[in-house]
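What follows is a pair of complexes built around chain A, which joins chain B in one and chain C in the other.
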Partner chain A sequence: MDRTQWLLTESQLREWVRSLLDAGNSVVAPVEEDGVLLFRPLTSEERAILAPSGKTRWSPKEFLFPRSEPLYRYTLDGGEVEIENPPAPQRPQVLFGVRSCDAGGLLRLDEIFLSGTKDPLYAARRESTTVVSMACAAADPECFCTAVGGSPVGEEGSDLQLVPLEEGWLLRVLTEKGEALFGDVDERWQDAPAAIAKEVEKLERRVAGQIERSPVKQEWSKTLEDGFEHEAWDRLAQHCLGCSVCAYVCPSCSCFDMNHEANAWCGEQCRSWDACTFAIFTHHASGHNPRSTHQERYRQRVLHKFAFKAEDDEPFRCVGCGRCVALCPAGLDIVDTVTAAVAAIREEGADAAR
Partner chain B sequence: MPLAEAFPIPNPYQPSLMRIDDFFDETSDVRTLRLRFVDGDEEREFSGWEPGQFGQFTVFGAGESVFALANQPWRPNGNSEDTPIIECTFRAIGKVTHALRDMSEGQVIGFRGPYGNHFPIDDWLGKDLVFIGGGIGMAALRSALLDVIDRKQEFGDVVILNGARSVADMVYTEEMPRWQDVDGVRVVRTVDPGGETEDWDGEVGLLPNVFEGLNLEPDGRIVVACGPPIMLHYLFLSLGKTGYSPEQVVTTLENKMKCGIGHCGRCYVGPFSVCRDGPVVTWAELNELPKDY
Partner chain C sequence: MTEANVTVAESGTGSVPEGWQPHIVALVCNWCSYAGADMAGTTRLEYPANVRMVRFPCTGRMSPLMILKAFEQGADGVLVSGCHPGDCHYVQGNLVARRRFTIFRSLMDFIGIDLRRLHFAWVSAAEGHKWARVVSDVTAAVSEAGPLPAFESPEDWDGVELPSVGDGGPQELTADQLDLLRANLRRAASEVLAAKRVGVVIGYGAGSLPGQNVPKLVTDSSACEILDWGHGCVNNLSTYIGDALEHNDRVAVVVKTCDLGAITGLIREDQVRRDQLLLIGMQCPGVHSGSALAAKCLSCSGDPHPICDLVVSVDGVHESCLDPSDAALDMPDARDEQIAYLESLPYAERWRYWQRQFGRCLRCYACRAACPLCYCSSCIADKHRPQWVPTSIDNAGNSTWNIIRAIHLAGRCSGCDECARACPADIRLDLINRKLALEVERQYGRVGLDPEEKSALIDFRMEDSEEFIL
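== the complex of A and B ==
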C-alpha cells in the first residue's frame, strides 16, 4: 500500500476526532482526571490530551480485555438452566493516542486471545477496534522500549500513527483498517512533504537517546531458562511484595480468573484480571502449590516476559513501557532483575568451567 | 465500519448442559458421576474424544472444576451406545466439588470440553503395560485403562497397580474384580503402611516400593502413572533405578486450570500450557520442563 501521510494542525486533529465521534465510534483517548492521565471514552473532542506529558497510568488493554466481564449468563428456573451469551460490542471503537509500546502490547494480547481457540469476546472487540498510536515526543524516566526491541516511533500494532513534530502532527496510514477510518474529512488536509521522514528520524534519535537502559539481549532467554533453579532468584525476588500491580498495569499481561457470581435465580461466569504473582494463582485444591513462595512467583513473571519462548527470535512479552518499574512499591526494576539474573547464572557457569 | 457480528465464532466458555444420571460413592469423599447430555445437538458435537482428555464441569452458582473424563463416553458399559455418557470421579475438597457432591440424580450441571491432548494408545499396541494410580490419580487413568481392557487382544500383559492411603480411600474397588477377570490383566492393590485393616488382602506399602517388588522388567514395557506429585517423584526414582527409560513412562500433569484453552495463563510450566499442550506427557518431556509443577 502506498503510504498516505498528512501534516495536521491541532484544530484539524480535533476536527477529525469530532468526525470520528459523529460517525458513531467510541473514541478512547488520554484524558486527565484528578491529575491522573487515563484512557477514557471521549464525550467531546476537546477533552482529548493531544500532547500529554507522561503516559497514562493504565495501558489501554482494558478496552479489549476488560478488568471484569461476563463470559456467559444463566438463569435457574426450578431445576432447569438457561444460558445466554453476553452482549457483543455495539459500536466500533477507536483507541486514540496509544503509545508505541502500548500498541505493541495489544499484539501480545492478540497472540493469547486469537491463537488456538479464539476468544469470541476479545475477537469481537478487536475486530471493531482501530488503533491510532501517538509516537513519543519525550521518554519518561521509566521508559525502556529501546532495550526490548521497540522504538518511540514504533509502528507495531498501529493502524494509524500520529507523530508529534514541531510543524504539527504527522498522520500516517499503516493498514487498510486505518485507511477505512476517514470519511471526507481528509479532503482539506495537507499532504506531508517527503522530507518529513528526516524529522521523524530526528525525533526517534532524540527520544531514544533519552532512554538510558542497556538492551535485554535475545540470547538471554536461554540463559534464564537454564538458570531456572539458580539461587540468585531468592535474592532478586526478596523485595517483591506480591501485590501484582506490575501485572495489572502491564499492557501485555493477560492472565485471568473465572468465577461464578450468582444468587438463587441467576448468575454469570465472570472473568477478571489475575496475576501469576498472587499466592493462590496456582494453588491446587489438594493444598499443593507449585509456586508456594513469592520468589517462585516473581521468577515466573520475569521469565514469562523474557524467556519460555517457542522460537528463539520470538519477541519478548515485555514492551518496555516501564509502568511496572514506576509503580512497584518495592522499587523492583524488571530490566535490572533480568540483567542481574543473567550475570549471576553466567558467573556460576564460568566458575563451573574453571 | 461494519461491526463484528454478535458471536461469529462459538463461545468456548459456554458449557453444554448435562443431567446427572447416576452416581456412585467410591469412598467417603470421592464420588463418580454418570452424566448424559440434555440436548441432542451437543451429543453430536462431542464425537471427537480420546482417552486422557479432561473437561470443565460447572455447578451453576458455585463455579467450575476440572476432572478427567474417566470413561469411554461412547462405550460406557463396554457396549456401544447411541448417546455418549460421561463419567467423572472427584473428591469433595473445595467449594465447587462440595457443591457438586450435594447434587443428586436428575439435576443439571455444565460440561465443556473435551480439552487437552490424550494418551498415545496407538503407540502401545502389542506392548506390555503397567498402569499406576495413586489415590484419585486412578481417575485420570481409567479412560485409557478401560479402552485397553476393552481391546485387550491388541496389547501385551497389563498390570494395574492401584494405591491408596488406606483401605477406605481406595477408589474403583467395585469394578477392579471385573478388570482382573480379563485374561492377561493383573490387578495389584496396595495401601500405605498403617492404612490396612484386619481383613485387607492386598499389599501394604508405598506405591514405588510395591512397584519395585513386582520385578517388572523394563524391556519394551510402557508405564502409565498418575498420582500426587510426591508419589510421582519417588516413583520416577524407582523407575530410574530399575532401568526404565524416560521415554517408556507416561504421566499426566495436573495443574490448577481455569479456561481449558490455553488463555488464562494459570497452568503454565515454563512455555508449556498444561491444558493446551498437555495434560499427557512422557517422563522424558517432563525432564525438559522447568521444575515448576
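== the complex of A and C ==
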C-alpha cells in the first residue's frame, strides 16, 4: 500500500482525536489518574496525554482482554432459568497512543485468542479495534524493546503510527484498517515530505542507543528448555514473592481463570485475569500442585516468554516494555534472569541437578 | 450484578428513585437479639419491614466480611446486634467483636460509607421493645442516607488534591559516610557468617535499574562484598525470614528501624522466635520512592534501633540488644494531615476518592505478597466456598479486597508501607493502614516493640468504649 503521511501540530492532533470521538468511536488513550498514567476511554480530547515518551503503568491489553468479563449471565425465576449472552461491542474502539512494544504485545494476545479456535468475545472486540501507536522519543531506564527484536518506532501491530519529531507529529497510515479511520482528510493537514523518513531513522537510532541491554538470542530458547531442571533456577527466582504484578502489567501475558459470581437469584460466569506466578494457579483439587515452589512458577513465566516455541524462529513473547522489571516488588529482572540461566546451563551442563 | 443492586442509585449522585425503600440486613446473635426480635413479634409490636435477618451464633462470629457482603449485594444499611457485654453465651465473643466493630466502623467511615448506614446494638432476648425501636431508628437513618452509592470509578473527575507531606527525614549522609556504612555492614555480615552465628544473611544487593537495590541472600562469608546499602534499600526483608528458616537454624536480617515492627509482629504471633534471628540494625539515610524520600521516612531519624543484635553506624559495628520492653517506637507521620483532610470531605467525595483508587486495583495481590505480616498459607481472597471476596476484578470485588486486607492487618500492621510500595496501581494503602493504626491507638493505646504485649484486636477490656452502640 502507498504510504500516506502527514505532519500534524499538537492542536491538529487533538482535533483529530475530537473528530474520532464525534464519529462515535470509543477512543482509549493515556490519561493521568491520581498521578498514574493509564489507558482510559476519553470523554474529551483534552484529557489525552500526548507525550513523546513514557509509558502507561500497565499495557492497554485490558481493552481487548478485560480484567474480568462475563461469558454469560443468568437469572433464576422460580424454576425458570434465563440465560443471557454478553453484549457485543457497541462502538468501534481506537487504541490511541500505544507504544510500539505494547502494539507488538497485542499481536501476542492475538496468537492466543485468535489462532486455532477463535475466542468470539476477543475476536469481536479485536475486529472493531484500530491501533494508533506512538513511537518513542526517549527510552525509559527499564525499556529493552531492541533486545527482543523490537524498536522504539516499530510498526508491528499498528494500523497507524505517530512519530514525535521536531517538525511535528508525523502520522503514517500502515494498514487499510488505519486508512478507514479517516473520512475525508482535513485539507489543512500538511503532507509529510518523503525525506522525513531520514528523521525517523535518526530518532530510531538515537532512542535505540539509549537502551543498554544486549540482545536476547533466539538460540537461547533451546538452551533454556534443555536446562529446565537446572539448579540455577532455585537461586535465580529465590526472591520472587508470588504476586502477579509482572503478569498483570505485561502486554503479552494472557492467562485467565473462570470464576462464578452469584447469589440466590442471579449470577454470572466470568473470565478473569490469572497468572502462573500465583501458587493456586496450578493447585489441583486433590491438593497436589505440579508447580509447588515459587521458583518453578517464576521459571514458567520466564520460559513462556523466551522458550516453549513451536518454531525456532518464532518471535519471543516478551516485547521488552520492561514493566515487569520496573514494577516487581522484589526487583527481579527477566533479562538478567534468562542471561544468567543461559550462562549457568552452558557452563555447568543442562542437567546440573536441582 | 445482583437483583438488589439494580436499585442502586446511579453513580452515587444521591438521587433517590421513586418509591425507593431501603434494604437493610441485620446480622443478629441467636442467643439474644434473634430471640428479642421474636419477642417483638409475639408481642405484636409494629416496626418497619425493611430488615432481613441473618442468624449467627455470636457477634464474635460476625466478620467484617459479612457486613461487606451485605453492602456488595446491594444492602443500603447493615445492623449488627448481639448480647450486652457480660451476657455473651460464649463469655467474651461480644467483647472481642466490640473492638473489631469499632475499628471496622472507622474504616468504613474513612472510605466514604455514611455511618447512618452501619449500626451496632445490644439487644437481649427480653428486649422486644428495644428491638422494635432499634429497627425503627436504623430504618429511619438509612432512609435518610438514601441508596448505597454505586461501586464504580467516577468518570471525568478531577480528584482530590491532598496536602503535601512537606520534608524532613534522616540526616543526609555523604557518599563517604555511605561507603563507610557499606564497609561496616559487609564486615559485620562476613563475621557472623564466618563465626557460624547464622547460616545466611538476608540483605540488599545492587539492582539492575539505576539506584535500585534488591534483596540478596548471602551464605558465604567471602561473598559479602555484594551487600549494598543506601536509598534503594526499600524492601522489608522480614518477608523472607520464613523461607530462609526452612534451610537454616538462624538467620541474620539487615533491618531499618521501620522494619522492626514487622519482626516484632512475627515473634508476637509465633511465626519466628527471637533466638532464630540476628538483627543487623542499620543507620539509615532514608529510602527513596521515585526520586524523593519515601513518606514514612519524613518523620524518622534513621538511627539504628538498639533492640537489634548488631548496630551498624558510620562509627562502626556494635553489639547491642536492648530489652524490647524498654524500647519506644514513636513515629509521628507527615501523612496524618492527608488523613485529616480526607476526613474533612463529605462522604460522597470520600467515596469517589476511594472508588477511583480501588477501581485501579488489578488484584495482583502484591500488597499481600510484600507484607511481612500477611503470612496465611491460604488467603481469604483465594477461597471460594463460600466466596466472601468476589473474584471478579471490578470495583465491588476490589473494594471488599482492599478493605478486608486492611482489616486483617488492623492492630498488627507495622507501618512499613511495603504494600503501598508494591502496589502497581499506587493505591494509597498506606493511608488506610495509618488511619487504622491511629484509630487503634486512640481507642486502645499503643502497642510497641515488645513481643510480649498483646495486639489490640485480640484483646479486650470490659470497659472498652462503645459510645456508638445502640
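To be clear about the criterion, the second predicted complex is superposed on the first by the 341 of 354 C-alpha atoms of A that agree within 3 Å, B and C clash if a C-alpha of one lies under 4 Å from a C-alpha of the other, contacts with A are read in each partner's own complex, and residues count from 1 in each chain.
The rule is simple: a residue touches a chain if its C-beta (ideal position, glycine included) is under 8 Å from a C-beta of that chain, and two chains touch if they have at least 3 such contacts.
From a predicted model like this one, the values you see are computed outputs, not experimental measurements.
When the two structures are aligned on the shared chain, A:272 is found in touch with chain C, with no touch to chain B.
By the touch criterion defined above, A:165 reaches neither chain B nor chain C. In the superposed pair of complexes, A:259 makes contact with chain B and with chain C alike.
Once the two complexes are laid over each other on the shared chain, residue contacts for A:325 go to chain C alone; chain B is not touched. Put simply, more of the residues of chain A are touched by B, taking chain B and chain C as the two choices.
Contacts of A:244 after superposition on the shared chain: chain C is touched, whereas chain B is not.
In the superposition on chain A, A:282 makes contact with chain B only, while chain C stays out of contact range.
Of the two partner chains placed by superposition, only chain B is touched by A:128; chain C is not. Legend: residue contacts after superposition of the two complexes on their common chain; A:225 is shown touching chain B, with no touch to chain C. In the superposition on chain A, no contact is made by A:37 with either chain B or chain C. Common to the chain B-facing and chain C-facing surfaces of chain A are residues 257, 259-260, 263, 267.
For chain A in complex with chain C, the touching residues are 33-36, 38, 43-44, 47, 57-58, 67-68, 73, 75, 141-142, 238-239, 241-245, 247-249, 257, 259-261, 263, 265-268, 270, 272-273, 275, 278, 280, 325-327, 329-333, 335-336. Listing the residues of chain A that touch chain B in their complex gives 71-72, 74, 76, 79-81, 83, 85, 87-92, 112-113, 115-121, 123-124, 127-128, 130, 180-181, 225, 228-229, 254-260, 262-264, 267, 269, 271, 274, 276, 281-286, 288, 290-291, 296, 300, 303-304, 307-310.
Residues 1, 3-15, 17, 58, 60-65, 93-94, 97, 106-108, 110, 228-229, 254-256, 258-259, 261-271, 276, 290-293 of chain B are the ones that touch chain A when the two sit in their complex. Of all residues in chain C, those touching chain A in their complex are 1-3, 73, 155-156, 159, 207-210, 212-215, 217, 235, 239-240, 356-357, 360, 362-366, 368-370, 382, 384, 387, 390-394, 397, 418, 421-422, 424-426.
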